[in-house]
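Working notes for the structure below.
As written, the chains take the letters A, B and C, and residue 1 is the first residue of each chain.
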Amino acid sequence: MKAEAQPSFVGGATRPLRARLADWLGVLPFFLFSGLFLIGPTLILAYRSLENQAGGLSLENYANIGTPEVIQSYGLSIRISLATALVGGIFGFLLAWAVSLGGLPSGFRSALSTFSGVASNFAGVPLAAAFIYTLGRIGIITALFEWLGVDLYDSGFTLYSFWGLVLVYLYFQFPLMLLVILPSLDGLKRDWREAAENLGATSGQYWRKVALPVLMPSILGTMILLFGNAFGAHATAYALTGGVFPLATILIGRQISGDVLHNPGLGYAVAMGMVIVMAISIIIYSVLQRRSERWLG
Amino acid sequence: MTRHLKRQLISLLAVLALLAVACGGDTAVTTVAPVTTGAGGEMQGLIDAAKAEGTLSTIALPHDWCGYGAVIEGFKAKYGLAVNELNPDAGSGDELEAIRANKGNPGPQAPDVIDVGVAFGPTAQEEGLIQAYKVATWDEIPDDAKEATGYWYGDYYGVLALEVNKAEVANTPQEYADLLKPEYKGQVALSGDPLASNAAILTVWAAGLATGATGEAAAQAGLEFFKQLNDAGNFVPIDGNSASVGKGETPVMIDWTYNAIANDVNLAGNPDIEFAVPEAGKMAGLYVQAISAYAPHPNAAKLWMEYLYSDEGQLLWAGKGFCHPIRFEAMVAAGTMPADILAQLPSSEGAFFPTVDEINAAKKVVTEGWPTVVGVPVE
Amino acid sequence: MTVVTAPVAVGGKLPPAAPSAKRSRFWPSVFFIAGALYFLTPLVATGYWSLKAEKDKLGFEAYRRIFDDPEFARSFLESIVNAAAAIVLSLLIIVPTAYWVTLRIPRLRTVVEFITLLPFVIPGVVLVFGLIRLYSRPPLLLTATYGSSRVLLVCAYACLSFPYMYRSVDNGLRALNVRSLTEAAQSLGAGWATIITRIILPNLRVALLSGALLTFAIVIGELTIALYMAQRTFGPFMADLVRNKVYEPAAVAIVAFALTWAAMGVIAWLTRARKTVAR
């Protein structure tokens, strides 16, 4: 059970030029397509982040990102993304484990994975509304508690809080984790489990020493997907809490789309800041990835 | 290896072919029409030119806002033009962004006309995003509601009211001060985010004016009022809308009278909606129309304006939308405002109509202060 | 890569029998039930609310208003076609790229992953206006007609699916041993095309299915880009229904959920693995 060791024939003077060019041609479609439809707009975003309100070019928008208000909103966005990535990652993994390796009937797995497909994109206004119908002031669970004699909202609980927002975000984070980690769980060879048991390992030891190390690169990769997913989310938070939680995405919306403030350049600069945060996250994740790959010997 | 290379090239060619096919569409030439003043004789020429264009592209016109659904249908029926409605939920900022992004675009994504908050009129004009046009009834638009050379012009107005869901609220509050009473605990909401919604920011200012303060001090007083409201536990810090009132999530919401009436009609008693217009701090809000300088259908745009400012258009705004159309005073004086429509419009007597400069000054105070003064602790 | 599969007697003692039924299904069941409760409760609440359109009585009035509208079927169909096109496009681009990056140019991995995550941090409004700016004038005029704008829309959707598609495919590739498979196939004389289509793709079935399901959901529900691109797809239609309404949104949410789930069921069924004869 070897890890994906560094290939013996990657990039080097050992390979003929033609072969190396062919390698790059293999990724050309991707770069071409993303260049046309993704990087192009990002460059426009970067250019417009340099426009100030007088119409000229300057760095003043970036200076304005340094204000406590904007920093706080980045912090808030990062916190909620981390929280939902971790909680979503862990419980999503457990759910995926339950339906793939847990011995449950296979119908459960296909029902849950197709459901997850839908739920992963059930976000924005309908999701916020669904949770308001459930746990809002007039929600059915709130009513249930009232019937049992407990006034939820009086006791300090509110859906419109950080953890309330986390609870709602998890609705699309769990399914995402589940769907994306299923192929990895399927790839865990049964032989390894049997071999481990033959060598006297307990279930815990199997997971700790065999399965999780093998899965870690995929788990990390999927968690950064969850992080990015939450980081860029806007509609759900806005629908649930309005502008009360000034996430970075909401700040951007106010400057670009709103009826009150109108400094699109600042909005674009905040968005560029988000791109940078994402880039830093990828770097951290790559470092963690490479470490985890080393476990595999 | 070469076979694979070939397949790559073929797929690349296929993509390029796809793009080429897509590029082969019609390209209409955009013309920025010169400034004209509409007058009776030119109407037929305008109608013909508009019909030749065939379509009008609008943006940010929800059907339930001021009866725009009826207005659009009326326009379509009268002139046989198609109306291409872009994002009805767009904010004023979005509308300007749409014009900027679509400069020179002959396609259906470019808006021809915009309807924005009054503070956005001058901004759009400075950036050269709009073109001037004076409708036939130009003189009946009050001077302080239009830009003198015709770049932007008020279309309708309303006053802020306290809208309540009668199934949840027994006593309708009559003034802003009433909202502080304990019976409204956990019930009062703004109709949007004060940092993004025109109505919300004007509400904060209005609450300040209701305390007796004036000018910029009123904006600060408004912030204080909402701080009090929040501390008392009466303020629900979410963005209200017609649906949240109807559901009972935000049983008391401050919004334009026309939205409150429309909500009542929409819900048809399930539940009942009532509203009260506060006398202290009576705030009026004006929206303005403009034609995009890059409109792909400039003649259709002008015809639309003529329609909106004709008696027919103004009466639709009043009758179906419960808004005060901008020519209200003139029409009442001329007797062209039917009594039944007049009866259902709440009075705007004594309302405060802020100028653009006043709005901008108040905005500055509220937007800078809101996060800290009414700071809802995050977590 | 072979691993011992037969139980081996160690020190004269046979290892314990494979604890299949005994490794109880307790925890899997607990997680499944907890998950089911969490997912279903908000849907039940929404469903309950959707039945309240008529005062003081439960009924399907809100649903009737939706299905009576001919625009419903038309826009749903249009979105399905867009989704299918976006899925195919995304697969065609991502699968070879992920394969190549894993096998040949691992140095590029971080860059490629960063690009695939860009759709998360570019707001939809910014993306659509950026695309319009780029492609609304000659020589790259794609916005002139509804049809060409639709092509642009599908390309944008394919980009939106990149994070999910890439991660799924990458996870799937990691679960295979791509290098050995490729080397073995090459030593048997297979060309790249054969390797990808007959060896890699079949083994990526679950990953491809995950990616396809996620892409489908994104396209069906997408709103902002479709609105500004002046496309009459399902997202804008649903948004029209719920604007300023109180009960319809709940019904629309339930209907959209059920329809999308059914469509996904069809996708999953179409791509199910053929039953293989054991041994």
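As a convention for this text, a contact is a pair of C-beta atoms (placed from the backbone, for glycine too) under 8 Å apart; a residue touches a chain by one contact, two chains touch by 3 or more.
All of these numbers come straight from a predicted model, not from anything done at the bench.
Contact count check for A-C and B-C (C-beta pairs in contact): higher for A-C. Using the mean of the Cα atoms as each chain's centre, the chain most removed from chain A is B.
A separation of 37 Å divides the Cα centre of chain B from that of chain C. Separation between the centroids of chain A and chain C, computed from CA atoms only, is 15 Å. Across the assembly, chain A contributes residues 26, 29, 33, 253, 256-257 that each touch 2 or more other chains. Contacts with at least two other chains are made by residues 49, 92, 125, 130, 133, 242, 249 of chain C. The set of chain B residues touching two or more other chains comprises 1, 4, 11, 94, 97, 247.
Touching chain C in their complex are the following residues of chain A: 1-2, 4, 6-7, 10-11, 23-24, 26-27, 29-31, 33-34, 36-42, 44-45, 91, 94-95, 97-99, 101-104, 108, 110, 112-122, 124-127, 129-131, 133-134, 139-141, 170-171, 174, 176, 179-184, 186-189, 191-192, 194-195, 197-198, 200, 203, 217-218, 221-222, 224-225, 228-229, 231-232, 234, 249, 252-253, 256-257, 268, 271, 274-275, 277-279, 282-283, 286. Within the complex formed with chain C, the chain B residues making contact are 1, 3-4, 7, 11, 18-19, 22-28, 57, 62-64, 84, 86-89, 94, 97-98, 100-102, 104-110, 241-243, 246-247, 262-263, 266-267, 269-271.
Residues of chain A touching chain B in their complex: 19, 22, 25-26, 28-29, 32-33, 55, 69, 72, 76, 132, 136-138, 153, 160-163, 238, 240-246, 250, 253-262, 264. Residues 1, 3-5, 7-8, 10, 15-16, 18, 20, 23, 25, 27-29, 31-32, 35, 38-39, 41-46, 48-49, 92-94, 96-97, 99-110, 112-123, 125-127, 130-131, 133-134, 155-156, 158-159, 162-164, 167-168, 170-172, 174-179, 204, 206-207, 209-210, 213-214, 216-218, 220-221, 223, 242, 249-250, 252-253, 256-257, 260-261, 264-265, 268 of chain C touch chain A in their complex. Listed in rising order, the residues of chain B touching chain A in the complex are 1, 4-5, 8, 11-12, 15, 90-94, 96-97, 116-117, 120, 123, 127, 186, 192-198, 200-201, 237-239, 247-249, 363, 367, 371, 376, 378-379.
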